[in-house]
């Protein structure tokens, strides 16, 4: 490693932006195949089942979109904050509060009907997420409390609030004393965007949000403000962009979108509120945001990749009996490699041939498996 | 080992909105072997509790039917949309029957069953099929085993106080607590059961600490409705007695472990797949117990006195013969009011939504 | 309250507090060096499973605990390479490390489900634990004493030793520390490895002492509580000790109260209490210090030498 030196690039390498994820996925396939073969599983088959086979099945594509939508919505919101150096890792709590706020409306309107109900639920979901994010924002701007820590702590409080409501006040009176709410009515349920499929309204919403965010970040003053504050806080102050207003902006967008994702999940795939509502989307979305390089379009792609590891991991369990833990390890490995190769975007590696540069981030893995890797890599291409 | 004949059908009461349709017994074509059977688990197969027991049932099914069945499973499936996706995927992958083994899978199973009328679905512990004729419900009367544990506890406890490490106050858990206390009370009228809710199905450290707290407050029997062997280990350390949950847990507490309620899902799984082979599968709603081999007691510990063994075995035998029902009146609730008059039995539909405790339970 | 009961309660408190204290002290040192590793839960699980695997196969729980430290430090090394050498984002890498640890521990642990092992139990002769009060002093697992000793060790290291001074300097201002000639990356590497080893040791406490067994996700989220406690302790080892034991006391008293038949609070309120308290402490300290917590100034930020 001492032979190689990192040299900062003047500008982020556009080529590497696209190449780095491909390199990372390639490394995951190679190393994953080797590791799982050593562990006594069929490594190549595992890779095929997790990463490739689902892509050739139209049903799995629907699953991927449904799974990716909430991840993308939350990640877009968080990424805007991350760009402004506002480290909101409370997406999970804001997602829960969004779901709860919308559920509150649903429970109030169970006996009513009308097209206005669902929009009200969605708006309340956004407000619920914003309200939860307002706590770290207020603490940060008035007292200077580190928002990483305060937003993380609030995730756990949100889960307990959910448990309390499910066990007590919001329990379905007809539900045999199981801790969950009644099912939402037809007017409270998210319609399908494409009838006859699983593509619910949340999926076009996710795409629209990512496109809008992309436009805002690249073409408007607000986007400029966010980026400037993130890159050079002092310069931003000269330009009249307040740090406090940026903190608020970042957390309101992050919280609002997480809240929206929450109510879209509750009113869509769940169709009710249950204690099992939080499944770590808020955390996974942080990873998605980074894999997407904090770029809304990149996030859409990253959300699909992450969804693939879940969906593919499930099919690998049934088809080749790969334990779910193995899918988790694959997922983690891919994240490691993606995070590792990120450096190639910002730095160039000097005094080393391209071949050594490629293996540098994973020097411990060696190059022994490169011949084995050729096969799966060509299939992804 | 198993019975393919008539199983007891739960009386569908209107209040419970059971949607079991009784199909006419038309002779159907059996499924060509091998039957593809898939299982959806809420936890890891390595939890040594609920999911582990279901997976043992799956393995036993494979042993029983050999090459007439092919099984697969998906573990660690979160309840909600993830479950729906997994169940749908299993249906799309040409499985003939899908067993979904957690309460939270009920609504996802209903949704998928509607879309795949040719695939059979079986859901454990739920209360409705949403009107699907290709979906069955099954559950076990674990409370019958709790009555055996209560009898042992009542006879062996010196302090007359048992500690109950419990997860969540859902009907399944509540009826287990009541069955335990009622049985113990029959042996020792002053018996008390102290419940500690740990608000988790699985949190070994907290379960252990809850057991320790109960032991330090005078309980000398520990029983549990959570998934880990941690409370047993705490009892072993303190020299108290305890019981296994879902599976024989003797290895964790060779001295404390008196017996365990063993979740034997194998007979049901085998009979349902066999019914598919025979073309006799019908959507049913069953609540099976000791008589059907679904609830078993693990071997009694040698340290158990002979008279206790006999009394415990007697309850097992009588339950199997249908002569013993723990929820027979008179039953008094916590406030001292007689809820069930002498001679009456709590109807199953009431048990399934039980939310009150019998006298002697401190919760 | 009888003496026996009091001692039993205090013993349980020590048991609940010790793993949080050990893992928390490790994370405290990591954060003091300016690095935020959110992978504590994953590293604890790796420690728990390797500790149990080695302890069971060799019959030597002590060896298990030692191997647990090495295994978790190895996992921490992945984190270090990614975040320090390759400057990957620490929050994302830490989360990935937890996913990794959860999966790897389940794979390693599969053959060890359903068995128990020798515990890393009390070390003093029985004569010293005959009475309740003696038991309170001598009746613990060695890890309880290690946790206490570690508190003083870390406090001394950070406040009194030259190496500790350098570590704090690196955490407060990496560029200044680098300008003086301190090896910023080396210091952070060592800190992250130490944090990993402590998380591993804490994990092995669960599988070798508290609940001597292995089952998937054995630590059930305690790693996150350890991270919260570091903040609660405002990065001071003494307060870390206080925080961990306070947490253990609250948990134990809740269960004791329930076991005695009192249900005073909604369980959800008690469960969220440590996190609410942590936020409150953060807010109070920040208010008192006008915008600065004790948080190391460089926490979570990547460092790259200007040369």
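Every chain is named by a letter (A, B and C) in the order it is written, and numbering of its residues begins at 1.
As a convention for this text, contacts are C-beta pairs under 8 Å (C-beta built on N, C-alpha and C of every residue); 3 or more make two chains touch, one makes a residue touch a chain.
Values in this document were obtained by computation on a predicted structure and should not be read as measured data.
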What chain is the most remote from subunit C, judged by the mean position of CA atoms in each chain?
-> B
Strictly by count of touching C-beta pairs, the top pair is A-C
So what's the Cα centroid distance for subunit A and subunit B, whole Å?
-> 37
Measuring from the mean C-alpha position of subunit A to the mean C-alpha position of subunit C, what distance in angstrom results?
-> 28
Shared interface positions of subunit A, touching two or more other chains = 163, 167, 323-325
Where does subunit B touch two or more other chains at once, residue-wise?
-> 44, 199
Contacts with 2+ other chains: residues of subunit C = 106, 110, 216, 268, 271
Complex interface listing, subunit A residues touching subunit B = 59-60, 63, 66-67, 163, 167, 176-179, 183, 265, 268-272, 274, 276-277, 279, 310-311, 314-315, 317-319, 321, 323-325
So, in the complex, the side of subunit B touching subunit A is made of residues 38, 44-45, 72-82, 84-86, 88-90, 92-93, 103-104, 107, 127, 168-171, 174, 199, 352-355
Would you pull the subunit C residues touching subunit A in the complex into a rising list?
-> 36, 78, 81-82, 85-89, 91-93, 95-97, 99-100, 102-107, 110, 216, 224, 227-228, 231, 266, 268-269, 271-272, 275-276, 278-279, 282-283, 286-287, 290-293, 295, 299-300, 304
If you look only at subunit B, which of its residues touch subunit C in the complex?
-> 43-44, 46-48, 52, 163, 194-200, 202-210, 212-217, 219, 228-230, 233, 251-252, 362-363
How about subunit A: which of its residues touch subunit C in the complex?
-> 1, 6, 8, 39, 87, 89, 135, 139, 143-146, 148-150, 152-154, 156-157, 159-161, 163-164, 167-168, 283, 286-287, 289-290, 323-329, 331-333, 335-336, 339-340, 342-343, 346, 361
